[in-house]
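Two complexes follow with chain A in common, the first pairing it with chain B and the second with chain C.
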Partner chain A sequence: MDFTFLMQLLINGLVVGSIYALVATGFVIIFKSSSALNLAQGEFLMVGAYICLYLVLQHKVPFIAAFVITMLFSALLGIVIERTTLRPLLGSPVISVIMATLGLASVLRALLQIFFGVDTIPFPEIFPPEPVHIGPVPVSIGYLYSLCCVAVLLTALTAFFKYTKSGLAMRATASSRQTALSMGISVKKVFAMSWCIAAMVSAIGGILLGAIRGGVDMSLANMGLKVLPVVILGGMDSIAGAVLGGLIIGLLENLCGGYLDPLVGGGVKEVVPYIALVLILMVRPSGLLGSRRIERM
Partner chain B sequence: MLKVENIQVVYGDSMLVLKGPSLEVPEEGIVALLGANGAGKSTLIKAISGLLASEQGKIISGTVLFRGDNITGMAADDVVRRGIFHVIEGRRVFQELTVEENLAAGGYTRKDRAGFRSDLEFIYDFFPRLAERRRQSAGYLSGGEQQMLAIGRGLMARPQLLLLDEPSLGLAPLLVQEIFSLIRRINTERKTAILLVEQNAAIALSIADHAYVLENGAIAMSGKPEELNASGEVREFYLGISEHGERRGYKAMKEEMRSAFPAHRA
Partner chain C sequence: MRERIALMIKADMGLFHSKKSLAATVSFLVCLMFVPVYGSSYVLDVVNRIGIAVIAALGLNILTGFTGLISLGNAAFMAIGAYSASWLAMRTGINFIFCIPVAGIITAALGMVVGIPSLRLRGLYLAMATLAAHFIVEFLAVHWESVTGGVAGLTISSPTVAGFALDSDRTVYYLIIPTAILSVLFVSNIFRTRVGRAFIAIRDQEMSAAVMGIDVFKYKLISFALSSFFAGVAGALMACQTRIITPENFPISIAIDSLAMIIIGGLCSVIGTIFGAVFLTALPEFLRLATTALAGSFPELIGKLASLKELVFGLLVILFLIFEPHGISAIWQRTKNRF
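So, the complex of A and B:
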């Protein structure tokens, strides 16, 4: 029984951690290209979950189609937001941009409340409810789908950055904006693209999280906050770091929640990401995989 | 080919950095733009390449014509697409990217895959040291190699006009010689016109067909290298090349010191 419990905690941790990783990746992409923290990341996630849910429940759209439409919508949302709120701030101090994303978060949250109310909306069962057994451990199929989905997405993103021209342009811009400009790379396009990708991966994270939890409400946006320790832990400008940080925080949360919470009466699960964050930053100030600039000796 | 006419540039809406200089680069020519630190040389070529906008600079009057088209104040990416590539000062390679990825970024505006491939091979032939390091992070290259990469990256865009900002900056004299002979070869072998900004006047004049001296944001003089070299005044005041060489200069300074501090005589 003990072993099964541990395995379940580990699997929970991996699944939740992988979703953290996905959302954190969106966060890192924006940070790398424009050195701005996007504090509306959690709201992006919520928008995705609500739109998908709305399509499935109200318009009886099959889940896969709803998923695709949500992606398109999120991509559009990312571009529109970049155009209307971020681009006018181009060249202003980073702190203004961060404040703008904070405002954006409030606006998005309020809009969602107006359209969908504040009650939890149950997520339809898109995965068969009976679990599969891996050895003695029962695992929900939703979890497996979620893990696979994140793995595929992260691989695809990595390939995108490594092998496509747009990916190269984004990495070049992250490395040096003015030099990228001098190559004829349109930095505006790169910004738009990074917001577009960030909104899409967050939306996927939102849908997966909604499906796993079985319901969608405003608390989903807290993920945006949770992602902050994840990215700082991994190193603000490293996608691999975001993935690693996500998995670590997910596992840590679930293990501590499972073993320590019963002993102290709860609360450890919520605090432990931040404790880990502080400890790791003491040893490695730039995060686990964050870049310390290359210095030639 | 390129014609800059009475261009005026301000930074941050207040500081007039360029006070209406004009210059011309002929087809397939090498033109040197000389002058002291802060004379406005870099600003002038940023005004041509459109990079001014990224530094809160603005062209308030004057025109930039490229092959007859008015490109004044055009966005940087459109300028590159028209065939002008600006290799910016301080060999700023993308440190985290490999050598080959840096070159690929230089060819970002290219559409022809075959030409892209053959240019890549050309650049590796031209700069064999880059070929050896094509998979390495550019941040680990030596200063000279980074400068070669910055120039090679520019060639990947197949420009008709290459704007080079201080290619000699911070390099050892032998490397400077090597870089400049490569610049000369680019000009003759690829028929690329070059506008060269330099503080090292002697070496710039050795490869240029024509030169301008910029002082306080205005053209102080221009002419063929041999004309500029011939005038002693020009050499002393604008080009920093002393008439009688280093040793004489040092001796003269010692004399001055002695008369200023007679106590040393004892």
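So, the complex of A and C:
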């Protein structure tokens, strides 16, 4: 097969995979701390992309400033959502929480549609358009920036969990809510913080995706569901797993899409992650790095 | 004493707790018979859609409400039912009426295939597996063109009963509503049998159920089969009503709607399922009427109708979960108790 084509697919896969990794990290953080499955992750992503876009296009805010405002807004959104929707449902059955995040997804999507319409809005060029060449393969600079950005963010998150007191509190809550409570950790604050971080990293993912694709529309929300195969592959409660899973799923869908699409007539990219999900659930439901659950009566 | 307890249990197990509720049900059914005589085509279309939604949501309630297996795959099962009925009718030329139960059985078989991994999967994981199943079915519906007709879909010839074609909303009504009533009766009865009680035991505490001698795997599979049977029948009826089916008829939002119906209506409540289906199917129509009425003063509302629907839907789901977790059926019970 054509070497350049293969390289192109690998690079695409890595870049998309790194964004999956970022969004999946947000998902895992929420799941670890409050064992809630957030099916509105894709909408968080869209909120980030749209707000940033709106500030840059409508109010001519410079990109960096728009980015910072978007981050603040997303953080606030995460906290508000946790406080108003998730906290009253603490202790409810799994299905209620799943359904609540589905409802949340509807609300956020509807609000975005009402404010921004349903048409694709072109993203301003943040990265220079001419590609750099790595060997014979042309790579757009946006891809490189995006990869670096994700790498930096994931390192920062790891450091946050490892070295800060809040990070420690979050890890403690994840390992045992009861014990954390009795040690004087404010579990409520931890929940709020996890939603806040998840909303922020998703928003960054949304902005990066918007910039790479060159436009923002409602299909961005599909990314939120793609996170599910990623976290299942990596293990629902492992951040390292989310990163690994993100990269693998990104590569897998691009390689399969590239080579199989001509054979079956397109659409492979959209379905391969879910086939992978089913296979993983059958073979190893705890994922690559997730902890095995032990059932007790 | 013993006789009295036996009598009380018998009364408790009965479908109708009092003569009054029996009378109310019968008079409601009689009223339903006359809807096609007086209702406009629009009303009939809505009522037919409600009937289909009731069947689909009942199926999901067996699985999710009563057995505790969360499924996001209801739309996929409906699609399987719709496609298999249409394909069968097209290839063999059999009257569509007979294809509907066959489609239900095919869907039940496929539902069991999806259900097999469920022995190992609980809660969240099963939700994800069924979500994956949805996307895989969607992919097949688009790309398996020899069976599904691809993006263009399949066109269905109307079913006939004794040479009489069911080709309008008015006539299809007499197919959909009786099926819905039968489904309601059937599902209400399941939970008075050993099988239904086994489902509930599995939902409440799987391990204890196993200890008490319930074959968990077997009953989970039965639950999957029953649930997908109803979803399949609902899908086939939908094909019958719309007469053309494409992959776009079965988006993931249909599965979410079904889930919302049983949650807003009340999990593990048959009457709640009916309320939920009626409520969520009628809601967009109500919103449409409201926006048209307000169009004079707010003309931009019309264009935002779809978004508005989604907003109200999401808000309702969240508000019900927080303030009335047992759904409309709880409100219904409270109002009934007051009298």
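Basically, the second predicted complex is superposed on the first by the 291 of 297 C-alpha atoms of A that agree within 3 Å, B and C clash if a C-alpha of one lies under 4 Å from a C-alpha of the other, contacts with A are read in each partner's own complex, and residues count from 1 in each chain.
Methods note: a contact is a pair of C-beta atoms (placed from the backbone, for glycine too) under 8 Å apart; a residue touches a chain by one contact, two chains touch by 3 or more.
For clarity, every value in this text was computed on a predicted model and none was experimentally measured.
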Winner by number of chain A residues touched, once chain B and chain C are compared: C
Partner chain in contact with A:Leu208 - chain B first, chain C second, else both or neither: neither
First (chain B), second (chain C), both or neither touched by A:Val56: neither
Which of chain B and chain C A:Met223 touches, first, second, both or neither: neither
Partner chain(s) touched by A:Val139 [first = chain B, second = chain C, both, neither]: neither
First, second, both or neither for A:Leu9, with chain B first and chain C second: neither
Partner chain in contact with A:Val264 - chain B first, chain C second, else both or neither: second
Parts of chain C lying in touch with chain A, wherever the complex brings them together: 64, 70, 117, 120-121, 123-125, 127-129, 131-133, 135-136, 138-139, 142-143, 205, 207-208, 256, 259-260, 263, 267, 304, 306-311, 313-318, 321-322, 325
Interfacial residue positions of chain B with respect to chain A in the complex: 49, 51, 54-56, 75-77, 79-81, 85-88, 92-97, 101, 104-106, 108-109, 137, 139-142, 153, 157
Residue numbers on chain A that touch chain B, as the complex places them: 91, 165, 168-169, 171-172, 175-186, 291, 293-294, 296
Parts of chain A lying in touch with chain C, wherever the complex brings them together: 37, 85, 88-89, 92, 94-96, 98-100, 102-111, 113-114, 225, 228-229, 232, 236, 264-267, 270-271, 274-275, 277-278, 281-282, 285, 295, 297
